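Going by the order they are written in, the chains are A, B, C, D, E and F; count residues from 1 in each one.
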Amino acid sequence: MGTQPQLDALIELALAEDIGTGDLTTEALFTKPAQVTARFVARESLVVSGLDVAARVFSRLDPSCRFKAKTKEGAVVTQGRHLATISGPAQSVLTGERTALNFLRRMSGIATLTRAHVNALKGSRCRLLDTRKTTPGLRQIEKAAVRAGGGHNHRMGLFDGVMIKDNHILAAGSIAKAVTKARKRIPPTVKIEVECENMKQVRQAIAAGADIVMLDNMSPSRMAKAVQWIQGRALTEASGRINLSTIRAAADAGVDYVSVGALTHSAVAADIALDVLKQA
Amino acid sequence: MGTQPQLDALIELALAEDIGTGDLTTEALFTKPAQVTARFVARESLVVSGLDVAARVFSRLDPSCRFKAKTKEGAVVTQGRHLATISGPAQSVLTGERTALNFLRRMSGIATLTRAHVNALKGSRCRLLDTRKTTPGLRQIEKAAVRAGGGHNHRMGLFDGVMIKDNHILAAGSIAKAVTKARKRIPPTVKIEVECENMKQVRQAIAAGADIVMLDNMSPSRMAKAVQWIQGRALTEASGRINLSTIRAAADAGVDYVSVGALTHSAVAADIALDVLKQA
Amino acid sequence: MGTQPQLDALIELALAEDIGTGDLTTEALFTKPAQVTARFVARESLVVSGLDVAARVFSRLDPSCRFKAKTKEGAVVTQGRHLATISGPAQSVLTGERTALNFLRRMSGIATLTRAHVNALKGSRCRLLDTRKTTPGLRQIEKAAVRAGGGHNHRMGLFDGVMIKDNHILAAGSIAKAVTKARKRIPPTVKIEVECENMKQVRQAIAAGADIVMLDNMSPSRMAKAVQWIQGRALTEASGRINLSTIRAAADAGVDYVSVGALTHSAVAADIALDVLKQA
Amino acid sequence: MGTQPQLDALIELALAEDIGTGDLTTEALFTKPAQVTARFVARESLVVSGLDVAARVFSRLDPSCRFKAKTKEGAVVTQGRHLATISGPAQSVLTGERTALNFLRRMSGIATLTRAHVNALKGSRCRLLDTRKTTPGLRQIEKAAVRAGGGHNHRMGLFDGVMIKDNHILAAGSIAKAVTKARKRIPPTVKIEVECENMKQVRQAIAAGADIVMLDNMSPSRMAKAVQWIQGRALTEASGRINLSTIRAAADAGVDYVSVGALTHSAVAADIALDVLKQA
Amino acid sequence: MGTQPQLDALIELALAEDIGTGDLTTEALFTKPAQVTARFVARESLVVSGLDVAARVFSRLDPSCRFKAKTKEGAVVTQGRHLATISGPAQSVLTGERTALNFLRRMSGIATLTRAHVNALKGSRCRLLDTRKTTPGLRQIEKAAVRAGGGHNHRMGLFDGVMIKDNHILAAGSIAKAVTKARKRIPPTVKIEVECENMKQVRQAIAAGADIVMLDNMSPSRMAKAVQWIQGRALTEASGRINLSTIRAAADAGVDYVSVGALTHSAVAADIALDVLKQA
Amino acid sequence: MGTQPQLDALIELALAEDIGTGDLTTEALFTKPAQVTARFVARESLVVSGLDVAARVFSRLDPSCRFKAKTKEGAVVTQGRHLATISGPAQSVLTGERTALNFLRRMSGIATLTRAHVNALKGSRCRLLDTRKTTPGLRQIEKAAVRAGGGHNHRMGLFDGVMIKDNHILAAGSIAKAVTKARKRIPPTVKIEVECENMKQVRQAIAAGADIVMLDNMSPSRMAKAVQWIQGRALTEASGRINLSTIRAAADAGVDYVSVGALTHSAVAADIALDVLKQA
């Protein structure tokens, strides 16, 4: 679906590191052409993400493979559910199996963990955000997995949002100076967020015209106080070691967003397998 | 240390996805040249891995940065320990921070989890192996992290080892035919492993001259029986949903190796931060 | 100055297309090592831009070349002014000459044209913006040249700003629906601009909560009316066939920004030459 | 039509710099599949060039797009003329629009300027040549645009022709030595041109056996004298600040070629737009 | 047949170095579309190898070309035999001709030389191996040509086999220490070979548990003695300046393998031409 | 020596195919830093070529390696001659050894074979040319080796010379039409050669104004007749199965050039080894 040079570069790396000079086993044993069909199966309950990436792995490996999704990105499925089929030359299906699974399992693991956090926010108008704490090289697909799980994406990188922290404030002299200096240099389409650890900083950020105020490592009651004081003059984001036990309290403090690094840095692989059905 | 085109390609991807058209914040706020020194600090007990990768991130971002390791790959450190310093232009240090941390935290997370498994094997002559269930594109550095944690690497990919499974046996007609066919095609320097689920398959694998026999999803007592029957005619590997509770029993069954996919597919990031010390 | 993979890829393309299998002339005639120094000289009054790109051309061609800037990015210089020197092996200096000049002349041409527009805005608080009408592959350096000329950059591409136009409104059903839908999907750090051709659309955009309103192809008096009605509830941008004769009137209508595509799509090369001074 | 790795690399750069991590607007608003057809329309009289490049932009972005040219490379069209249609998924058409236009407008701008110069030569047997003063990375497509405009290409780069200038002569000792030395080293299929500023140099170049003599910055009458003296022993090229006012006089001096750098370094974009016709 | 990024990179290099900025001759002379069919013909007896590579050259150059093999990889053909046809646009067929032939001729040359060595081993159970003395960048296709000729591949590179030589032994202290140290570090699927120049080293290698013993530059009688002493405890490989005259004696000494560097470093091109049949 | 993206791409391919996921042997055995010096030694008489390429292999593998040439490109050396030294970390020197040797041996093999042909031309004014029958991807370094051996390069590829053959003539209608058509389209710096098999074609080529006439597969006496008839109106090249026995007769027929494909397609590796001198 369109050009995705970075994803393709990553798939290329992944196939190259696994296949190298060739899949010795299938090359030696599948010397006659044989077609197989295999099925991706959930071995536990999970939220699905990465079907299109798995499909792309096979289409780059061998364009004659046919991938057919049996469910949708973001679907909640139970153990035993059949997620997709892949059909094609036995050599290609077996050679691509591990790489496709490695993508699918990681992305579904992130989507599943995200959904747990989203569920904890049910009924609140607060939105869940991810962070830049993603696996190097997988930023875009991990952020897609967060969306599949029902979360929203914070900025994609350093280029589509300004985030002013301690060291930046030190360098500029004050929050006011930092916001003004940044506003001059950046495109008019990009907002400025200021990381605040206390009310004094919050007041300075609002006075400086920050678009978003991050309430960093504050207790829910202090956050509530800050949100009330701000009165909608800026968006608010709760951040800092928020987990499944504490996320609801943060949301109830009235912030617009909570951001959770663990969605991507502490997700574990969802259990998905590939079962070869039949050899034609 | 030598040419590492795949690692460099991954670092390039990781920097590109984070920096894109530029780090808006530091470019706007660090308009005057300023040198900083910052310190990587462990925020929990962990096994260190990835210092050289973090160093390479900065050297590719800006060759004038100086990275200095304060501990070694594989070291066990406690909370608060200072792992390395990075000095250089403030812009470069702050721009590279997240990417370097993302690498270092993931690799140290894997090394830490690996060490827990190695500890469970203490006193046994059995060795811990990783698998091919790694994050796509990060195979080599995740396997390096396993080594840092005290584990050993199974084959790097499909090219440096033969692994004969169900579908391969079906395609070849029998274990014997599969082993013979593979032996003819592969370099003499590469070994053949056969995945066995029961004693019948074990006997066939040994008869066929397999170099390594994988005992897949067997109970410790069945594994012990298999190992005794094999009598050193092949190496043995225990595999299949082995975890910290069950790994010792598997090892005590007498196998040469146990392999654990979770080392890489279910490791979570170790908690490491970068503290900017001073601005010169 | 940090990693710039896209710029380096462009320089590589530019050197490759010019040098191909080798610079026949210098390879044939400079068979003995010889050092030369050469001088970049302005042959007309201009605003300088691209010195660092010219330096990078030579450093990639031959790391032993030494480039020394004699003026700064954005400086206004008169005819005859000496902009920089390049010293190094005669072969390398002569081989890189044309590519370096092609970059420097185009960027300085853009900076010079931008400065003319900026001058027309003197005394106004309105800022000059560029557009996405840049030479393919040169987006970032052409936008750098606009900054050198005193202009500001609009969004860098499709990824760091939302711009809702006719076709998007048609697809979403209304301006209100389009803004709401976009707000849900995009990072909280990114703003939404709506292109408006009349007051009715302006009113809808403001009601929908647009961050920026583009006043497209309106007369100065209609723009003034729109700006007054908006009363600071959104930023305003004048756009559409604005040139050196009309830009001041647009600015005086009170808009925050005027954007001018011609800065990059209709700039001509500034006249700069490389004079070889001496052969050592 | 065949492999064009350099063009594809440039298109990839151009799409990447514009799309980056995604077209936020169309991704947010075109969430349901929709097909559109759009039309490239000339907004002024111009000479068409770059239709195949525009087609390639869309086919690389999304192979399901269909591009249909309605006129030919090099055609002279008047305002309002419909140049081509593009049909495909709305997302892809809108995402590729700007990049395709940026190519098409620049190339048509060059073709249009070239045609003006060619018209000035009508009735003369003298041919118009371009130079190496092209936009970095766009050499081949800008030279194709010159051909579309009716001009001819001088050498493509440093590798397919020898051009001996002052510094080369200095290095070799004399014109005679330079020509002899070059002849020995270069393929027999490549010619040698010598840049001459006066009759003395012309005489030396002819004596040395130069294949082409460049008459640099000479007045028409001095050129005429040189051409008569040469008597067909070499091809002749007039060069140096020739423009639309002076080109005919240069041609009438009898030279075989006139070369004009402005064709590529001072062309401005032709005015072409993309109108979305209907959404299916 | 699956993803082959290294082969494609090589083909890309080969086409780029030949075509550069364009095939001047065919572009100038085939201005009207014309379809041709051409035939690859053996001009001497040879063993065929490289048909799929030749096909890939054309499919990358122009996907509309149709390549049809008329014989199989490894076939022995006599002079005049028709090996394959290529049909497509005249421009593409003529432009790709030389590159396709250069691949096909080199690979067939290697296959032919290999077959001569294999014939010399007829009736022996000893197998012929290649080495790492291949043309840089062509490792995989030259090793494929060896297989087409009936030979077997030794390790593909430094990553899929351990080969302990003099300098390694010096570094480790002894053969025993070297083997033990290597065994600890490498994947369990990879074997260790020790290069031995005399019986003392052979005894040490066997004692150390080497998997393969290379008998380097030994006379047939000394090799026979070594093989008898080893008694199947390790595989044996004869190596060192073995040629068509001496290979049989080496094999008759009882070794499992003989390796011959000349298969790849001293093969000459097989004589194959492309005859254009007709122009449609 | 300047930018050589194609050579670097080839070296990268060559190192990658040999090293892959790592040099298992040296990584396992050289765990402590050790410096070595090694010497490239000629094991037979040969003409040296490729020292700079070998140096570049090591510098790309490990910039801390130091390569020191002990002789020059094109030198004739006898058996035992020391050609260069390489010093650096033992791991790097041993890992790069084979790749460096594979380049050096092939290039020296070509230079040696070329010199034999050049010697056969001694005293004649006829020059030896290579062809496009080079190893795919190695065109430029094989042509450099020909120069090292005393030969001259024919065109580098399809882009720097026109060569009109049978199929082109058929397509154009006649030799006259083909030459005229080509002349119109190509840069004025490039010459046109026509392949002629008989005097009739020679006469047509001269009449059409060909710059070079190739006398293809003609006997020396027919060539002599053609050369006399041409009387210097075009350069002449003898081509077609010319070897060491026949080259002198061809030259004595008076042609300006003889071209010999075997220089590159049938050269065998020169025997060069790397001897490790000492470990520091």
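FYI, a contact is a pair of C-beta atoms (placed from the backbone, for glycine too) under 8 Å apart; a residue touches a chain by one contact, two chains touch by 3 or more.
Computed from a predicted structure; not experimentally measured.
Contacts with subunit B and subunit E are shared by A, C, D, F. Centroid distances built from C-alpha atoms place E farthest away from subunit C. Distance from the centre of subunit B peaks at D, each centre being the average of the chain's Cα atoms. Centre-to-centre separation of subunit C and subunit E, using mean CA positions: 52 Å.
With each centre defined as the average position of its C-alpha atoms, the distance from subunit D to subunit F rounds to 33 Å.
Each chain gets one centre point, the mean of its Cα atoms, and the points for subunit A and subunit E are 45 Å apart.
Inter-chain centre distance (subunit E to subunit F, centres taken as mean C-alpha positions): 22 Å.
Residue numbers of subunit C whose C-beta contacts span two or more other chains: 16-17, 19-22, 95, 140, 156-157, 159-163, 184, 190.
Every residue of subunit D that touches subunit C in the complex is listed here, in rising order: 6, 9-11, 13-14, 16-31, 34, 36, 90, 94-95, 98-99, 101-103, 105-106, 132-140, 156-164, 166-168, 170-172, 178, 181-182, 184-186, 190, 262, 265-269, 276, 279. Residue ranges on subunit E touching subunit C, taken from their complex, read 17, 20-21. Put simply, subunit A touches subunit C in their complex at residues 129, 152-156, 159-163, 184, 187-191, 193, 211-212, 235, 237, 256-257. Interface residues of subunit D facing subunit E in the complex, by the touch rule stated above, are 1-3, 5, 140, 156-157, 159-160.
The touching residues of subunit F, when paired with subunit B in their complex, are 12, 15-16, 19-21, 60-62, 91-92, 95.
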